[in-house]
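The structure appears right after this line, and notes come after that.
The letters A, B and C name the chains in turn, as written, and every chain counts its residues from 1.
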Amino acid sequence: MFGPLDKYAAPERFYLLCKSMGPWLSAISLLLFLVGLYGGLVYAPSDYQQGDSFRIIYVHVPSAWMSMFVYVVMAVSGAMGLIWKVKISDAIARSCAPLGAAFTFLALATGSIWGKPMWGTWWVWDARLTSELILLFLYFGYMALQAAIEDRRMAARAGAILALAGLINIPIIHYSVEWWSTLHQGPTVSKMDAPSIHTSMLIPLLIMFLAFKLYFFAVLCMRARCEIIEQEKNSRWVKQLARGGVDS
Amino acid sequence: MSMQVTANQTDAGIELLPSSLVGQSLRCVRNDRVLFENLDIRLNAGEILQIDGANGSGKTSLIRILSSLAQPDEGQVCWKGKDIHAFRTDYLEDLLYVGHSNAIKVDLSLLENMFFARALSVKANEQIFEDVLHRLGLLEHADLPASNLSSGQKRKLALSRLLVCDAKLWILDEPLNSLDESSKAVVTDIIRAHIKAGGSLVLTTHEEITWDDIRINRVSL
Amino acid sequence: MQRLSSLAVFSCLLKRELLLGLRHRSELLHPLLFFLIVVTMFPLALGPEPEQLRQIAVAVIWVAAVLASSLSLDMMFRSDFEDGSLEQILLSAQPANVLVMAKVLAHWLLSGAPLIVSALTLSYFLYLPQSATVPMLATLLLGTPIFSLIGSVATALTVGLRGGGMLLALLILPLYMPLLIFAVSAVNNAVQGLSIKAELYFLSALLVLALTLTPFATTASLRIRLS
């Protein structure tokens, strides 16, 4: 069905793929983190308005991007499990949820830390932060549903429908919240990613973004491996794996 | 149609009659326990498939897979040579399912219950409801809410669908549960008439059913 | 032998739902009473000054309506799930989407429509200006069907689960937020004498979107929960 991808869609192959990819992804993302953080915290010049406190965008913006990206990955892989019954996509979707929630939480936390010197308060009902907060609720809803259904297959399929419903709703939520915030505050002063960002500030941001993305895939590999073992624990290859230890 | 049947014959190596239910290498796992695997079943017109097994052996799971409510973890079920999920509507037109629960609304009268049950089936029988209730010994309660019925009477009301709906394949989960002897006789008569008319039946039951002239296939889980 | 059209089965099932609803009148009142009680708590908490109450009236009524309808969703599929009727509905050869929509429409008629009437009454108690009554009615007319439609998906996903009611609210409330924003902003605009067209268009678009997509999602969810 997926041509060359088909052979990786078998749980065993995917497990081995994750196992071999995981360390590489972790290593590269660690390297990128070091470069990106150096670039962001040391190399990039201070902002003429915000001083050094703008530097938190090197964590805030990538995690906000990732929070959306992970939801899309979760919903799309859920849909693949639902429609084509790809076994591994259930494991991927299930592994995504806590990661996405963590990125969303990080975006919220860094946003409010940035807000303290800027607005003088830890929390402001700013459009972006509010959207992120609602996204966090969507992640929590997904995880609560997964936890409430005992049968793994059923939980995965039910979760996929909820994730798809959420995916359709995310743009609606985003624009309605934007609408709401302009109504109540006028043009917002909270612009964190200025449109005309200087190149020396932008490059570390892009590196950080790449680092976040690779970090996500590295952790996804680890989590998906656990999920697949759990899901396939009755199959022959998992039993073999358990007997043969880690070297199989 | 005939093309399809021949194609299937070569594929599976088993013969398919025009109205036959075939399950191939079915596997069902519930809560990490394998209930059955490599299970083949087949049922032709005018035959009965009886599913035996201890409690928790997967009888109800098999019934739900055969009725298309649940999907097997492996294998497929075909009706008249067509996969029951791919051709769901065709299958459901021929199917009548009475599950473990009676699907009775206790706040509706018996007649209302029958009316709405018939509305859901695409092919309905022109049977007069009062006649059906009379046959089942429920006529005196016809206009009363179903909450007044005993559990055996509720079971009979659920089975009244056998008479007001028209379907080739019946799937019944413990149809004789909580029925008294005379009611059991009435229901087995209804079943017999259905088989004699060329219908098929899948059922789970603890009762011994034997008829000399009807073939009963048994599946033990 | 007779063959019922999908429309006939739709109206048949709708009739059944309404009949069942009317035989359980007291249950129908629960969400309404909840709505009334929640709204009553605000004057008690804030004080009775009309000016203050008028300012929060729209928000209070809409938030209470959201909460009340998320509570009432629980009854959409539960009894049918428990007594096996849901299996019969899904095993009918009639299109399951149509049957599910009959149930959703019945739910709206039995819980959404009464909510609209009591919301209008309550808007007088909270001193909402007369000019806002019609916009309030319009937003509720567009909004409450969306509640029932989006809610039907989450209800189908959680039917029969332990602690279903609370879980349901958790799943559904974030999805209701855009609706809340547009509806409240429309009525507030009306109070200030501004145009409410944009918000009503948005709400109508959401209604059409929900009408198009939710029947499939709800049917799929029910099939999953019954498997």
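Everything that follows uses one rule, which is that contacts are C-beta pairs under 8 Å (C-beta built on N, C-alpha and C of every residue); 3 or more make two chains touch, one makes a residue touch a chain.
No experiment lies behind these values; they were computed from the predicted model shown.
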| item | value |
| --- | --- |
| Most distant chain from chain B, judged by the mean position of its C-alpha atoms | A |
| Pair sharing more residue contacts (C-beta pairs) when A-C is set against A-B | A-C |
| Centroid spacing, where centroids are CA-atom means, of chain B and chain C in whole angstrom | 37 |
| Centre-of-Cα separation between chain C and chain A, whole angstrom | 32 |
| Distance from the mean Cα position of chain B to that of chain A, given in whole angstrom | 47 |
| Residues of chain C touching at least two other chains | 227 |
| Interface hub residues of chain A, defined as touching at least two other chains | none |
| Footprint of chain B on chain A - complex, ascending | 150-151, 233-234 |
| Residue ranges of chain B touching chain C (in the complex, touch as defined) | 64, 67-71, 89, 92-93, 95, 97, 99-108, 112, 116-117, 119-126, 166 |
| Contact set on chain B toward chain A in their complex | 29-32, 34 |
| Interface residues, chain C side, partner chain B - complex | 1-4, 8-9, 12-13, 16, 19-20, 23-24, 79, 82-85, 87-94, 99, 223, 226-227 |
| Residues on chain C engaged by chain A in the complex (per definition of touch) | 150, 153-154, 157-158, 161-163, 167, 170-171, 173-175, 177-178, 181-182, 185, 202, 206, 209, 213, 217, 220-221, 224-225, 227 |
